[in-house]
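The same chain A turns up in both complexes below, where it pairs with chain B and then with chain C.
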Partner chain A sequence: MYEILFFSLVLGSCYALMTAGFNLLLGVARIINLAYGAYMALVAYLYSGFSESMPVPIAAMLAMAISVALGTFGWIILRFIRRDEVLMIVVSLAIALLIEGALIWGYGPYQRVVPALVSGSLGWVSAQWLLAILVSVAVLAGYYIIIGRTVIGKKMVAIAENADLALMMGINPAKVYLFTTFLASLFASLASLMISPFLTVSPQVAWLYLTIVLSVSIVGGLGSVGGSLIAAFLISFAERFSAYYLDPSVEPFVPLLLIILVLLFRPQGILGRGATRWA
Partner chain B sequence: MPKAGLYIGVAIVIIIVAIVAGLVAMQQPAQAPAQEQTAAETTPVQETPARTPSPSPSPQPTPEQEVIKIGYLGPATKPYGDIAVKSIQLAIDEINAKGGVLGKKVELVVFDDENKPDVATTGFRKLVYEDNVVAIFGIHSSAVGLALLPLIKEAKVPVFAHGSVADQIDEQVAQDPGLKYWFRFNINASTHALIVYYPAKYIAEKYGFNKVGILYDKHAWTAAVVKKVKEVIQRDGFELVFEGTIEPGKTTSFVPHLTKARDAGVQILMVWTAYGDGKVLQRDYNELKPPFVLVQFDVVGMTLKQWDITGGSLPYQIFVFYNFPATEATQRFVSSYEAKYGELGFFYPPFFMYDAVNAWKEAVEAVGSFDGDKVADYLARNGYMGITGRWIFTEGHTPLFGPEYLATIAVQWTPEGETRVVWPPDVAEGEVALPPWVKG
Partner chain C sequence: MMGSYKPKIGPLRMGGPRALGDFAAIVGIIAVLAVVPFAVTSSYLLSALSMALLFGVITATYDFASIRTGYINLGYTFIMGIAGYVAFLSTSSPQLLALLAAVGGALGGVLMALPGFRLRGPFYAMATLIFPFVLIVIARTMYDVFKGDDGVPVPFWLPVGGPYAYYLVFSFAVVSLLVLYVLIRTRFGTILKSMSEDEILVESNGINTNIIKLVSFVIAGTIAGISTFLYVSLQGVMSTAVIEPIPLLIYMLLACGIYKPGGVVWSFMGGIGLYMFDIYLRGATPELRLAIISAMLIIIYFLIRGRHAAR
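Up next, the complex of A and B:
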């Protein structure tokens, strides 16, 4: 039982990290990026592929560098259509399908075990489990510091509150959006490196990741960072305990069930207020 | 959005395609993860690098020579289907090099059924009524096999399956003479239960274990496995304290399964999995180190490559492998296959299908006709002596199992990444070593 508790904590941390990047894009740049899960899957495949021919830490860093560059570069292209939300959604969905197709073409449709970044254990706790928690906590703490204590963070908040007013205050949105995309790509890459070794990846894992991110965002309340944090652990614990007490096949339905319940009884999410501030 | 936005959107999609394709092209994997296979030294083995079926072209028939077609209906783009197709093509090439069958060159027509019954029924009709094949090989999924039975009865075309192990098929074939065209070149599900159970029983008796657990694919092929294994567990006085299921091809973590089994007091966990989930189980077992022994039949894990595929997660885990005789014929097959297609990956499909094609050829030549009735009757009556062993079929047209026929062994992975045979005792290379985290 204690493994289930701790494993829920580990995956909950990863869920929070995953969702932080998604929410950042949504909050600051107003982008609903449906390619987010596929992007994470791509990172996992890059890392897994590189690790076959080089040490794991170098493979992880290389995969992260390429994917963050790719994510940031992608923004440079996509920014032209940012203002058309429908087109943005369609394009991001197309990109997700393209990445999935490319992974199937390149690696086949099979499941793949992603190597852990660290091996060994401390007592009964796997070192990778501890690493995932530590990295998630560190990154989320860094996120709060950036948002609350740095100039660029305050600019991000300003744009999230009112982009037009921020522009009138001398803030260059283009630079802020670029940094936001860089940060979101970094979060997604790190989240993928943390969570993928616990799961098995296939090209379709993109949709699992996207489902988790959307579930956490909706259940927590769109725009509520605190709500997302609560939702991440709520969903993780609910998944693991339903698998343990009911049946593992129930697990994939839990996030969707929670979404339905939230939409029925608290449409704004756990801590959502319908407010416009999302960062 | 102005029109310009749409154009930009299209341009973006094209650019992204180029980026991703370029990236993936530079990052071709050394092998597909589920590539397989081979057992201990007693098992000739290898691996296959290709991802899609790419049999070498058959020798072109001379204009005046007639051609007869046979079909492959199965998961042709999956690793085990791919190597099955290659072994069939190898057998065909050898047959054609010797003049064909009844003076006709043999040609292979491949249809990928994706392991889906609806796709398979379409494929069966296409192969039989459009391509006019005289025999069909392949058929991996039990659901596919069950869906095809009525069509096989109608078409009267011999079918040679390398999977589709559900016992219901045997029962229907035994009861209905109209299904005599079905032959499974693989053991049935009940026997799959026993090839895991007996090594587990041996270990349990050796170390005084009494509490057992079972974990299996939630799939048609395991229905008879579960029924049979429960029957023998009860018969032999063991206590079944855990029963879990695997979502085939979809399980992302086995932590809940293993924790539940541990909390139930399992001392030996028996596993049947066929769709690639095994590697996840093996990784999580190694991470959690639950206090029980793991004995597993992992269809896509029967390979020495599994050590690398799982990142070395296999110490002390026990696998059931097929045990092919190291005869001259077997070695010749392996050499020919490797010379043509590279390392032989999966364990059983190439061996089974190579035998199946040659069994069909022998039957056709013996009866002097491609007629499905005559060929089926001959095979049911005489069986076939192949590289895998002697194929003698029961009333349900499943092969006999045992030392003279098909046989299996249990191998245990060492912490150094090597395997050694631990069961049956008469061929064992050493005793079963309990994992340090299991109390004997």
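Up next, the complex of A and C:
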């Protein structure tokens, strides 16, 4: 029972971290990024590849440095076409397919084991589990400190609320968007390093990541980081407990059921704000 | 705002050179497709053409319910998944299979229409994209029931590769195409088209657009469900490959953007052409195939931007 509780917490933390980046892009920069899952898969592959020739911590840092740099400047491309959401969806799907193709070309279509960042355990608790929770809590707490206590954070909120008004107040949106894409890339990279060791990854894992991100985002509210936090733990706990108390075969139905319920009774999601939506 | 919807279909309108062009195209396509078995002797090619015809029908239904209304649905293959699993997990009788696939397709259509009651634009697109992905996860996780990527074996009832199977599929495709063609020429079809232009204006005329969306998706889902039943019967197995939104959805989007959006005849032809192109691509390496498909995605935008860019 304690193991189930703890594992729900671990996966919930990872879900929250990965979805926070997606919703940050959507909420602040108005970027719909369906290549987000492919980007996470790319991070997992880079880390896994580097770890074959160098120590794990260095491999993780190198993979993060490359991917965050790629993401920070790469997602800005989508920003240029922000006025056309359909184009953004189409282009980001194309980028996802290109990344998937690149992974197949570079690493082959086979499954791959991603090494854990830390080995060993504390009693029955795996050290990787503990690390996943600690990193997620630290990063998300850091995010809320940035948003609430720093100038750049307040600028991000201002742009999310009303970009035109923020521009009139003298806020430079380009810098804010760059910082937003940096944070989102950081979240995605860290989430990938935390969750990938629990899985056996293949190039198609990109779509699994995207499924999780979209499920949590729809339940929590598209563009809402706070909502995604709640939804991440809701889905994670609901999955594990339904499997434990009902039947393991029920587990995969839980996200679908939650999505249908949310779309029926609160289509904007738990913390989504329908009135401020831009479409 | 949400007035009562008058459930009259209205008179059929056939006027205009564009309509005549479409009608001539239908007659031409039917004539060409009818003589295919006399010209094609390869059973493999005949079987591939039969599947392409069915994919063309599914694309036409997608055009009818999604593209025509302006509600870009990225999870349309979910309807095929629901129809296929509902039918092939329940019975082995061909007649019952067709009926259950139609019911499953209609149910899938209802589920696809529901998010559209409150969501629009990219939010609707993203909300619908999640459905096939979750269904794939379910099919893989509950392997005992759905058989994951291996798929549920289909009872043999259709001699694949012969003229009998082809003409069965051909007849179904002709009837489906005519039904969709007639529907878009009625008042109902005009309302669907108007919704993509200005939904609020349509509502202000006392039309309940939610009912319109629901009915259009149920009609499209029912036809797509029967198409899926035939498609899976030809393929021999109901697996996650039928639900995979990539690349099927990309072909649908591309086909619907060919010539003019919202024209089911051209979507049908585009669907056939792109499905045959996909069969040709299967010989290429996976990475090359993905690169070609992603390039197609960029083309899609330029084909449909005039209609949907502002949404």
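By definition in this document, the second predicted complex is superposed on the first by the 253 of 279 C-alpha atoms of A that agree within 3 Å, B and C clash if a C-alpha of one lies under 4 Å from a C-alpha of the other, contacts with A are read in each partner's own complex, and residues count from 1 in each chain.
Everything below uses one rule, namely that a contact is a pair of C-beta atoms (placed from the backbone, for glycine too) under 8 Å apart; a residue touches a chain by one contact, two chains touch by 3 or more.
From a predicted model like this one, the values you see are computed outputs, not experimental measurements.
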Exercise. Putting chain B and chain C on the same copy of chain A, do they fit or clash?
Worked result: fit
Exercise. Which partner does A:Leu256 reach: the first (chain B), the second (chain C), both, or neither?
Worked result: second
Exercise. Hey, is it chain B or chain C that touches more of chain A?
Worked result: B
For this session: Examine A:Leu208 and indicate which partner it touches, taking first as chain B and second as chain C; both and neither are also allowed.
Result: both
Exercise. Touching A:Ala116 in the superposition: chain B (first), chain C (second), both, neither?
Worked result: first
For this session: Report for A:Leu87: first if it touches chain B alone, second if chain C alone, otherwise both or neither.
Result: both
For this session: With the two complexes superposed on chain A, say which partner A:Leu98 touches: chain B (first), chain C (second), both, or neither.
Result: both
Exercise. Which angle, in steps of 10°, is spanned at chain A by chain B and chain C when each chain is reduced to its C-alpha centre?
Worked result: 70
Problem set entry | Touching partner for A:Ile218 - first (chain B), second (chain C), both, neither | second
For this session: Considering only the touch criterion stated at the top, classify A:Tyr107 as touching first (chain B), second (chain C), both, or neither.
Result: first
Problem set entry | Lowest C-alpha to C-alpha distance for chain C against chain B (Å) | 5
For this session: Kindly list the residues of chain A that each of chain B and chain C touches, one partner per complex.
Result: 84, 86-87, 90-91, 94-95, 98, 102, 105, 109, 208, 249, 251-252
Problem set entry | Residue numbers on chain A that touch chain B, as the complex places them | 1, 3-4, 7, 42, 45-46, 49-50, 52-53, 66, 70, 74, 77-78, 80-81, 83-84, 86-87, 90-91, 94-95, 98-99, 102-103, 105-113, 115-116, 121, 124, 126, 128, 198-200, 202, 205, 208, 240, 243-244, 247-249, 251-252
Exercise. Mind pulling up the chain C residues that touch chain A in the complex?
Worked result: 72, 74, 111, 114-115, 117-123, 125-127, 129-131, 133-138, 141-142, 144-145, 246, 250, 253, 286-291, 293-295, 297-298, 300-301, 304-305, 308-309, 311
Seminar exercise, completed: Per the touch rule above, chain B residues touching chain A in the complex are 1, 5-6, 8-9, 12-13, 15-17, 19-21, 23-25, 27-30, 32-34, 51, 78-79, 218, 244-247, 249-253, 255-257, 259-260, 263, 276-277, 279-280, 283, 287-289, 309-311, 313
Exercise. Where on chain A does chain C make contact in their complex?
Worked result: 32, 34, 84-91, 93-95, 97-98, 100-102, 104-105, 109, 207-208, 210-211, 214-215, 217-218, 222, 249, 251-253, 255-256, 259-260, 263-264, 267-268, 274, 277, 279
